[in-house]
Amino acid sequence: FTNEPTGSSVTLGFNVPQTGPYADEGADELRAYELAVEHLNGGGDGGLLNTFSSKVLDGTGILGKKVEYVTGDTQTKSDAARASAQSMIQKDGAIMITGGSSSGVAVAVQGLCQEAGVIFMAGLTHSNDTTGKDKKANGFRHFFNGYMSGAALAPVLEQLYGNDRKAYHLTADYTWGWTQQESIAAATEALGWETVNNVLTPLAATDFSSYIAPVLNSGADVLVLNHYGGNMVNSLTNAVQFGLREKQVNGKNFEIVVPLFSRLMARGAGENIKGIVGSTNWHWSLQDEGSKAFVKSFGTKYGFPPSQAAHTCYVQTLLYADAVTRANSFNPCDVAAALEGFEFDGMGNGPTLYRAEDHQCFKDVLVVRGKENPTSEFDLLEIVEVTPAAQVTYPPDHPMFAGGQLGSCNPGA
Amino acid sequence: MFGLEKKDSLLLLIVAILTMCAPFILNPFPTDSGLAQFNAGYPDLMQRFVIFGIFAIGFNILFGLTGYLSFGHAAFLGVGSYSAVWMFKLLSMNIIPAIVLSVIIAGLFALVIGYVSLRRTGIYFSILTLAFAQMSFALAYSVLTPITNGETGLQLTLSDPRVLGVSATEDGSIPVTNLFGAEMRSAMDVAMGPWTFTFSVGYYVCAVAMLLAFYLSIRIFRSPFGMMLRAIKSNQTRMNYTGLNPRPYTLAAFVISGMYAGLAGGLMAAMDPLAGAERMQWTASGEVVLMTILGGAGTLIGPVLGAGLIKYFENIFSKINDNVLHGWFAFMPDGIEDFMVTLVHPFVGKGWHLTLGIMFMLVVIFLPGGLVEGGQRIGRMIRGRKARDAKSTATKPAE
Amino acid sequence: MDAILLQILNGLDKGSAYALIALGLTLIFGTLGVVNFAHGALFMIGAFCAVTLQRLFGLSFETIDETQTDFLGNPLKVKTPYVEAWFGPDFGATIIDWSVPLAILFAIPVMLVIGYVMERGLIKHFYKRPHADQILVTFGLAIVLQEVIKYYYGANPIQTPAPDALSGVMQVLPGVVYPVWRVVYFCFAVLVIGGVFAFLQFTTFGMVVRAGMADRETVGLLGIDIDKRFTLMFGLAAAVAGLAGVMYGPINAPNYHMGMDFLVLSFVVVVVGGMGSLPGAVLAGFLLGILESFASTTWATTTIPGINQIIIYLVAIIILLTRPRGLMGRKGVME
Amino acid sequence: MGILEVKDVGKRFGGLQALSDVNLSVAENTCHAIIGPNGAGKSTLLNCLVGKLIPDTGSVLFDGQSVLGRSPHEINQLGISRVFQTPEIFGDLTVMENMMIPLFAKRDGAYRLHAVKGMWSERALVEEAGRMLDEVNMADKRNMHAASMSRGDKRRLEMAMCLVQEPKLLLLDEPTAGMARADTNNTIDLLKEIKEKRDITIAIIEHDMHVVFSLADRITVLAQGTPLVEDLPEKIKGHPKVREAYLGEAA
Amino acid sequence: MNVRPDFSKHANQAETAPAFLSVWDMHAYYGESYIVQGISFNVHEGEILALLGRNGAGKTTTLRSIARMDSPQVNQGEIWLDHQPLHNMRSHQAAQVGLGLVPEDRSIIPGLTVEENLKLAQIAPPIGWSIERLYDLFPRLGERRNQEGVTLSGGEQQMLSIARALARDIKVLLLDEPYEGLAPVIVDEIEKTLRHIKEQGMTTIIVEQNAVRALQLADRAVILDTGSIVFDGSAAEVLENESLRAEYLAI
């Protein structure tokens, strides 16, 4: 199979955005990867190896081979990401590629890994498509998705804001935005909310005033921002500027919801994030053993707590190493088989299942809210609710995920 | 040779030898030495070198000869890629029909955009082409998603109809692009002592395409048509009063360079069957402009060099992380090692943009004619003083 | 009706940002004839002047609060800005609160110096070089400036909020509210544009620079030291770009690539306005701002899907095809 | 009827009537000089003939065909070539290449794509260009960059470019201005020879009376946009009005 | 302070009066091409010097070198004007010292009106004739004051270019082919003006293809051939010396 490790070491490829708007997120992912490698090779305090329910990893690398890694820059562009992944596969002999912080890139690289015959462990990718219509036999996602955000948020929103609400959606005009909007609208409509409008905003937009202004008189009393990254920071800032937070509509307080949160972006949004509800894959303030162990080893090494992107990347690396060890083979097909249907715990998200049908992890989802009185620059979100996995689980043939086939695993040459 | 003057034949020959031996030349360092990091001789990057070389050669036919600076050439590359991928999806995995279609479609696209944009000159022309390309990009990214698959890019799937082929291979995966059976992805590793060289079918297909493209561009440069284009750049008024209509010439140049871009796009899709909207964004158009100027606009070989250099930086420098740096400087005492790493760190890995920016500035400040001028200066230095007294005032036309 | 009014306000607001950036660009590009791809970077540096000042004001000393813990469970370090310690908590907080308006005073000298150094050190040698070379060198410079900022401030956006007194919304007409800072921004833009116009209109400066651009040699023969004026012009343009950036901070949080986001757009605005025409650039800025606002209404996007994505480019094409030199371009400038 | 017939041509620039009621007939195979004070409208008239300007009124017939509404390159293809008052040449090209372009235009018409043909394989054209360069004494400069020549040389080159096209009508706007005396004389001889050898009609604007009187068969004096007199050279020389308005002591 | 070198040793003739403008051993290049190859000459205060020679002899290059234009590059030599070393100056400094050049291509600035072209000349000190006085000298310019300079007729542009030089209070006027393209009456007019300003003490160098006219006006003449001086003497001498005229001026 492709890049079968023959020497005393095995090479992993960490493909993250190092330039462009998501560079900070990429840098955090890279830190997590370096930490994971350190732990796999027996360095540091062992981190999550100590709390992971599977105990086959013993700090001697993977199958006795020392873990080495190469890094690359996706630039958050499909082409560049594929080029970078190609060089890892062709030049550096990487046996697994992981990383990324947007769905477009994840889907593109996943496709490449499928063709080249290596395993792809997705980083931060939230689109339903990654494990829906674009799923691939060689690709695996630990991160949650748009549907799960909707399913987790809906009950909390009902509890906080009632079930008689009129929602106005602003949606980034590309596939991730659409799938998330679809998921959230479906989940909230099921509560009895009305979706008064859904406006698509260009990716390149920086000033959202002309999209926010119409909200004022639309009769809506909730604004849902299906934006991520810089778009989210700007649209949220603009919404707050227009006084939406202080507004009363239909006798209720106007509310803003940001379905996908990340702490890094919350930091970019500053004061504006306070009191705003959203969902996240993981947060450092979780108090389970796994989370505490991860925060401790990451925080000790780097001086600040890890982001959810860092968490998912770290966990993915360990899961891969674990699967190889359990399969006792680097052959992608054996690894995939070991990952499929794998149930584990102790990684910070509670008991988790890597579902065989679509290679999606099912685990608890956090609903969080911007903290009113943060004690430090990292303490921006507070956990409102930990939605149990069962509540966000959907059947593999759910219409929002339909249209793709895993195909068969490709071990390459 | 091939109807070329001696100097041009020599150039073509050198380029041919270089491209054919690229797997050796680009892998100068033994595989497990520290410097192996700088090797670029793996199929994907070599393919990129020649594909972007084709793109830049074509761009240079327009820009270098007529001086019309198109800021939307990436649109043609993107259109070419989309056409090729659709051909793979619908017709067959053979790359010939895909590439033919991408050249044709890109040419048609260029004809329409060029016809409209060439009504203006100078910066007004540049902005018109930019506007068309940005519109194509924006639409491809969102509204046209059914055709382009938007953000993710158009990919092959297991359910493609593919009338002259199979939707999926027996083992359940997507078939591979090929040239009458020779798979683009297949490659052969040859180990020679500490070196490993990779020969890939895809690369050689691209290399042959580039040589043909390069040969054609030499012919165009040296042809009456090429001279007309330079005349247009020099003085349109005289052109008009000499009984020549500049418009069809510029349009022809525009379409030809659009077709080159289409060829590059088609090849790109043939090597890696994915077509993304980003390929049409202004940054992509800007990149080919930078490649051409960096190498030397209006010179034959310059654009290829420029393309190679930028792609090399993008793919090699971005991969040098602190870990690698520590590896390099490991032989030094600890303190100095850390110091060296700190010193180099901002320029590599995630700082590769910085190095690229500095290099742009240095080249344009010290080598006004681009990399080609650098080569000429070195050549002159080697040939040395003996030629000095034999100098003539006649200025040679551009290489 | 209100909706239309709001979109007009939005358009004016977007327009003032476009117009301000385009104004600075057209001084360099339309007047000095330098294709300045680093202009966006100047805008960005302006915004980061505000960030820097905010950081300077925010410089803090740490005290340990035993009652709280940080994320690793250690006692929490509480930061107190020096200005609050020196000037008392109230006045200190006010200074921090007003850091963006204060940054104007900070940015003007900084931008003038940057403009001066950039022109004397680099651009000076490129007036006579082909536009292509100018593109390459200024693009390189833009990347370098961006990367330096990114190295120190990271890639994430950094909020530079407006002072409390100028944030929130105000009643512009009965029933129509609009963010105070955006109104401030508009007024500021009008002021700066007016100032630049007055300077160029009521002095011979503009004429001399234009003449120098068209024919440096001859202007030198007439005893005029054109280099000095070019430098000044460049400094002025840098300052205008920088101020546009400072004031834009509270509208959208500055990040290191905000300049690139605006770059292409500002070139489009300048060219649509017509090369070498200041009023053209301003007019085009407002026109495109307003059209963009209207194109993003639900009505527009449902009538023509995706119109909000392409409106600027579509309008640019239409204008450039119907008017050969944009709205008010002068003959012979970069044609 | 002459080969060139200008009837009632008028042209206005804003508040200035640059040309009014210009009537002119140039007979085939003659040399017709247009003289007149500065700003009289001579160059403007020429501009109207080659399509650079469109007259407000009147008509221009060349060889029986109207030139109005045609674009400059079409007019050139009809057989009118023009030398400008300030030399218009292809500065970035070599002298030889400058010569090749009009030859291609003459042979192939307004547009023809020879995209892959070697340029120097056009032996016949190269030879013809060489011959013409010999005639204007520029053979030694054939590989020079046109832009780096002195202005007198640029003038000669431009004239050679026009002549090599063998136009039916050659329009010359001060062809010898700034030319050294020796070259001026050569130019006069060249033009005379060409007029005789090939059947070519010349319309020339010139302030150098030596050139005018050596070449012209007829002379039109233009003043303030209208023809003042038209007559044989000898008559013009002695014409009192012309002496006063234009010639001064020089005549 | 400024020690003025004693040029009389290098000049072709012994001089008694001190030179006002001195050029000594000047070498000028366009890039690699060596054009002016070490020339020396003096001009006395109030004198008119005719600088003659064939096309491409280097006359324009000489004038541009004296005016300190960016090209050509003067690699060696000294230029002194009224005790000030011009060779260390840039063109605007030379202009401020009192040098005025009327370039051969007239260099009317595009985009500016006639009046703005003149105003531009009066921005930097020292200021010469008033604009109204210049309009009196060239009434045509007054009529066209709001027209864009480059749309003037060839002759009008020449007038504007001369007027622009006079708008500055200059000590030395360098004229590069001032009569080119001008109607004979206007040439008479300008010649008169030149005599007039000479009486007021202006020092002038005139380059002209119309050598006879220039020599009639000039006190002294310098003849250039391929970048070197072949004659330096009184104007009358050239007019009398047949062989000189035939060899270098073809008259």
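Lettered A, B, C, D and E in written order, each chain numbered from 1.
Assume contacts are C-beta pairs under 8 Å (C-beta built on N, C-alpha and C of every residue); 3 or more make two chains touch, one makes a residue touch a chain.
If you're wondering where the values come from, they're calculated on a predicted model, not measured in any experiment.
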By mean C-alpha coordinates, which chain is most distant from chain C?
-> D
Pair sharing more residue contacts (C-beta pairs) when C-E is set against A-C = A-C
Chain centres from averaged Cα atoms put chain A and chain C apart, in whole Å, by 34
What is the distance, in whole Å, between the centres of chain C and chain D, each centre taken as the mean of its C-alpha atoms?
-> 53
Between chain B and chain C, the Cα-mean centres are separated in Å by 34
Touching two or more other chains - residues of chain C = 306, 309
For chain E, jot down the residues that touch at least 2 other chains.
-> 33
Junction residues of chain B, two or more chains touched | 138, 141-142, 353, 393
In the complex formed with chain E, which residues of chain C make contact?
-> 204, 207-208, 210-211, 214-215, 217-226, 276, 330-332
Residue ranges of chain B touching chain C (in the complex, touch as defined) | 63, 69, 116, 119-124, 126-128, 130-132, 134-135, 138-139, 141-143, 282, 286, 289-290, 292-294, 297, 346, 351, 353-354, 356-361, 363-365, 368
Which of the residues in chain D end up touching chain B in this complex?
-> 50, 71-74, 76-77, 81-82, 84, 88-94, 97, 100-102, 104-106, 109-111, 113-122, 143-145, 148, 161, 165
Contact footprint of chain A on chain B as seen in their complex | 39, 42-45, 48, 138, 141-142, 145, 149-153, 155-159, 168, 171-174, 176, 185, 198, 272, 274, 276, 278-279, 314-315, 318-319, 321, 323, 349-350, 352-353
Over in the complex, which chain C residues touch chain A? Could you list them?
-> 2-3, 6-7, 9-11, 13-14, 17, 68, 70-72, 76, 150, 154-159, 161, 167-169, 177-179, 181-182, 251-253, 255, 257-258, 261-262, 292-294, 296-298, 301, 306, 308-309
